[in-house]
Amino acid sequence: MQSNERAINREAWFGIAPAVLLLAAVQGYPILRGIYLSFTNTSLLSPNRSTFVGLRNFTALFNLDSFQITMVKTLVYATGSVIGAVVLGLAAALVMNGAFPGRRLVRAMILVPWATPQVAVALVFVWIFNADYGVLNYALSSIGLIDGGVLWLNDPDLAMGSVLLVTIWKIFPFSALVLLAALQSVPASLEEAARIDGARGFAVLTEITLPGIRRTILVLVLFLSIWSLRRFELIWLLTQGGPVRATNTLVVDLYRQGFVNAHLGRAAAIGVVGFLASILITIVYYYVEQRSARRAGEA
Amino acid sequence: MTGRRVGGVARTVAIVVMVGLTIFPIYWMLVTATTDTSRLFLDAPDLLPNFGHLAAFAAALDDTALLLWLLNSAIIAVGTTVLTIATAWFAAYALSRYRFRGRGAFGLALFATQFLPEVFLLVPIYGLFLTFGLLNRLEGLMIVNAAFVVPVATWLLKTAIDAVPREIEEAARVDGAPRLAIQISIVAPLVLPSLAAVSVIAFFHAWDEFVFALTFISKADLRPASVGIASFVGELTTPLDVIMAASLIYVLPTLIFAVFAQRYVIGGLVAGSVKG
Amino acid sequence: MTITLTGVTKQFGAFKAVDNVSLSAGERDFVVLLGPSGSGKSTLLRMIAGLEDVSSGTIEIGGRRVDQMEPVERNIAFVFQTYALYPHMTVRRNIAFPLIMQRARGWHHLPFIGSIFKRRIERMPEVRERVESVARSIGLDEMLERHPRTLSGGQRQRVAVGRALVRNPTIFLMDEPLSNLDAQLRVEMRAQITRLFGQLGKTFVYVTHDQVEAMTMATLVVVLDHGQVQQIGTPREIYEHPANEFVARFIGNPPMNIFVGRRRGDRIAIDDGGPVLALPEHVRRQTADGAVLHVGARPEDVLVTPGSSGAGTAATVSAIERLGPETLVGIVFGENWQRRYGETSVEDFARLGGYSTLKPGDRIEVRFNEDRLSFFSPETGQSYSAPATIQSATAEALP
């Protein structure tokens, strides 16, 4: 019996060994190294020479006004992109739920943003947002909404909104399709029963349908939040965190500190803060999930 | 009755608007790529593509290194896909079929990788690759990309293998097939849609990836398309229509995938998330 | 409340799921819509409920035309095959849900904020008392705070009934409510629904494919096939005087035995070499001499005696099913009786009371209860109706 168990362990470990090796090398070791770097004053110019400086990188960060701005920008970006993607995704899923002609085509079309590489997304949106010749300004001014060239990406008041717009455009297809699958798993008879019991349109949605996909929404919010803390390329390619830090989220700040200012230690400290934020979100998620599962009698 | 019919009209309008906004940027890429440079900077832009003007596509292929970049991207993407499948398959099978010591820890580790910002790992991995001579090597990018796809891939494949009845494998065992042969010739064909989904995800993760390639590749002739096309920005020599034509060529494979492979990919992806 | 359907049709493209159905049910009728799957019975029920639009025709409940109304305005209750309990609500909230919907304002439906108000409505004395008295009446008062997923199949079914009762609807609609229960529970719940019907004294419309449910519960059975009404009548009329061959074969287990007969003067000769039987006067009036008819005999009207004394037609036992209180005897008729009905050889059955000692291969003699046979036209399948059943025999006639 015991040898059997040992054999199972051995076979299983043979199976996961390549993955463990790969993840240990390219994720595990780097994260430990990254955490270590956050306690040093390592510079990009001599990455192998480092002095231990304790918590100095962290205290320096939290004393910087600019880092507080970064935290606020990160929060705005995360909240905005998650709410935008979930609300828009839900609306799209509700519209697509059920049979209509051309349904498969629409589902394929809706995937286009999700499939388009970020570099191409950034390039085309920079052009669409162009103040003088961009099609967005042209469209808005020809229907009289604006007067003259709006600096979508170069106005500190508008840049975050513009970056959010592009982000939501890019990620809402994912939430739409996840939510659509969840909606289709809610039995039609529940909604019919609610209609007989006197719930109308909006009430059926909020009393029956949304509670039915509650778990999916929670998981979706968790992943979208974590991904929004990680998202770098799109923001970097659109604004490089500017103008004047208007779109400077944690990861953008990290990249700037490490690769523009060559201060690897401080960059690593920013990374640790971001990592902790992700863990915090997960803890909150578990708390909310447990509580609402208990309320719904699933626990 | 009439209320429901109005609902139908409103829904059609909503779908049309949604799809329109969704594909507009790609449409605009096409319009820009097929418009002569002299007509791009007008107060009232041309709103329709001009298929008589395809010079920008020719220029993108002839005057830039686009073909070489695409070739590099394809090599990296294929390598990433092979490495991902080879690694994730056995891990997924073990997770699904064995109750082994360390199983929980391994599952948690897979989940934890979702927390790590790529940019945070950029520097330590750079140091590592410097030591092992993997900088300026396409293999290096394959390894990094695979490491970021393997957790998702393992999870998707595990979910799929979970759905394969054990009886099928037990029947094959009774017939005397060795374990490894069962995994590959019995189980794998049954989860083919998920394997396809994972391949597509791995391929396009690598096709899309930018920041590692930007940092690890300094030789111009090893650049993948993402870095190459991004390099158009800021340098002022390439005309806008050529940039858009190059982008469109770069985007095209992913769009074709979106239209044709969506059923499998979304199926696999969504099954994983809804259950998770 | 009475229910009157006039020419109700449901069309999906070119396909008619429900085809020109007319029927009327009285104040205290238990109407069972009975038919094989795909017969349109569920679609018809869903049209009465308002879950499905009517392509043409009208539906009246209590003399009021309802076919353009929302389900809730029709004041009906509906018990679903899957029960459709709201999984995220307690039993109490499930039963209270129709009452909460009656009292809630629009903004009470908003997520999060609305839950406070919904709880307040749930605690209003008149709501609470109503919910608890309904729960008591169906034996669920101990389970009000539990969630549906923790209940057994039978308990879930009762919650579904409770939710139907609480609003005090005028009509109860049920869509195969017992089909997800095991056999024993099904018998129990059947009795409970019948009792409920007796206590409430309201109109029930009940969909099933199970003829036992139809025979035991209904006051009025509507047999449907291919979207069309085959017969409307009491269980007894349907069984004893099937309007056509479909009903004859669909109702009864084993189904009615059918033979091909040819009229010879005042009598009818069965198949080639079969017995010659009496032909009732009303059939003689509707047919000419020499006409070909289909003759139906219920298994209990096929009389079997062992041996070969020559009193009946010789046959052999092909199979025996002893069910306890009765025995089913499969019959193969002798060489010189050629069965003519059906494409392949049809096995005929007789039903004997008690525990028979016959065994396969035994020689037997067969006679018929000649005054209880049914006669059908081979062309239309319609029965040559007896004067007593003429009112309920055809689809167009309303009882």
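When the chains are written out, they are named A, B and C in that same order, and each has its own residue count from 1.
The definition used in the following text is that a contact is a pair of C-beta atoms (placed from the backbone, for glycine too) under 8 Å apart; a residue touches a chain by one contact, two chains touch by 3 or more.
Small disclaimer: the values here were computed from a predicted structure and weren't measured.
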Among all chain pairs, the one with the most C-beta contacts: A-B
Farthest chain (mean CA position) relative to chain A: C
Gap in Å, rounded to a whole number, between the CA centres of chain C and chain A: 56
Cα-centroid distance, chain A relative to chain B, in whole angstrom: 17
Touching two or more other chains - residues of chain B: none
Complex contact set, residues of chain A against chain C: 187, 189-190, 192-200, 202-203, 206-208, 210-212, 214, 296-298
Chain B residues touching chain A - in the complex, by the definition given at the top: 11-12, 14-15, 18-19, 21-23, 25-26, 28-29, 32, 40-45, 47, 83, 86-88, 90-91, 93-95, 98-103, 106, 109-110, 113-128, 130, 143-144, 146-148, 150-151, 154, 179, 204, 207-208, 210-211, 215, 226-227, 229-230, 232-233, 240, 243-244, 247, 250-251, 254-255, 257-259, 262-263, 266, 269-271, 273-274, 276
Complex interface listing, chain C residues touching chain A: 49-51, 70-72, 76-78, 80-82, 84, 86-88, 90, 97-98, 101-102, 104, 106, 109-111, 114, 146-147, 149-150, 163, 167
Contact footprint of chain B on chain A as seen in their complex: 8-9, 11-16, 18-20, 22-23, 25-31, 33-34, 37, 44, 47-48, 91-92, 95-96, 100, 104, 106-128, 132-133, 135, 138, 142, 169, 173, 177-178, 180-182, 185, 216, 219-220, 223, 226, 229-230, 232-233, 236-237, 250-251, 254-255, 258-259, 264, 267-268, 271-272, 274-275, 278-279, 282
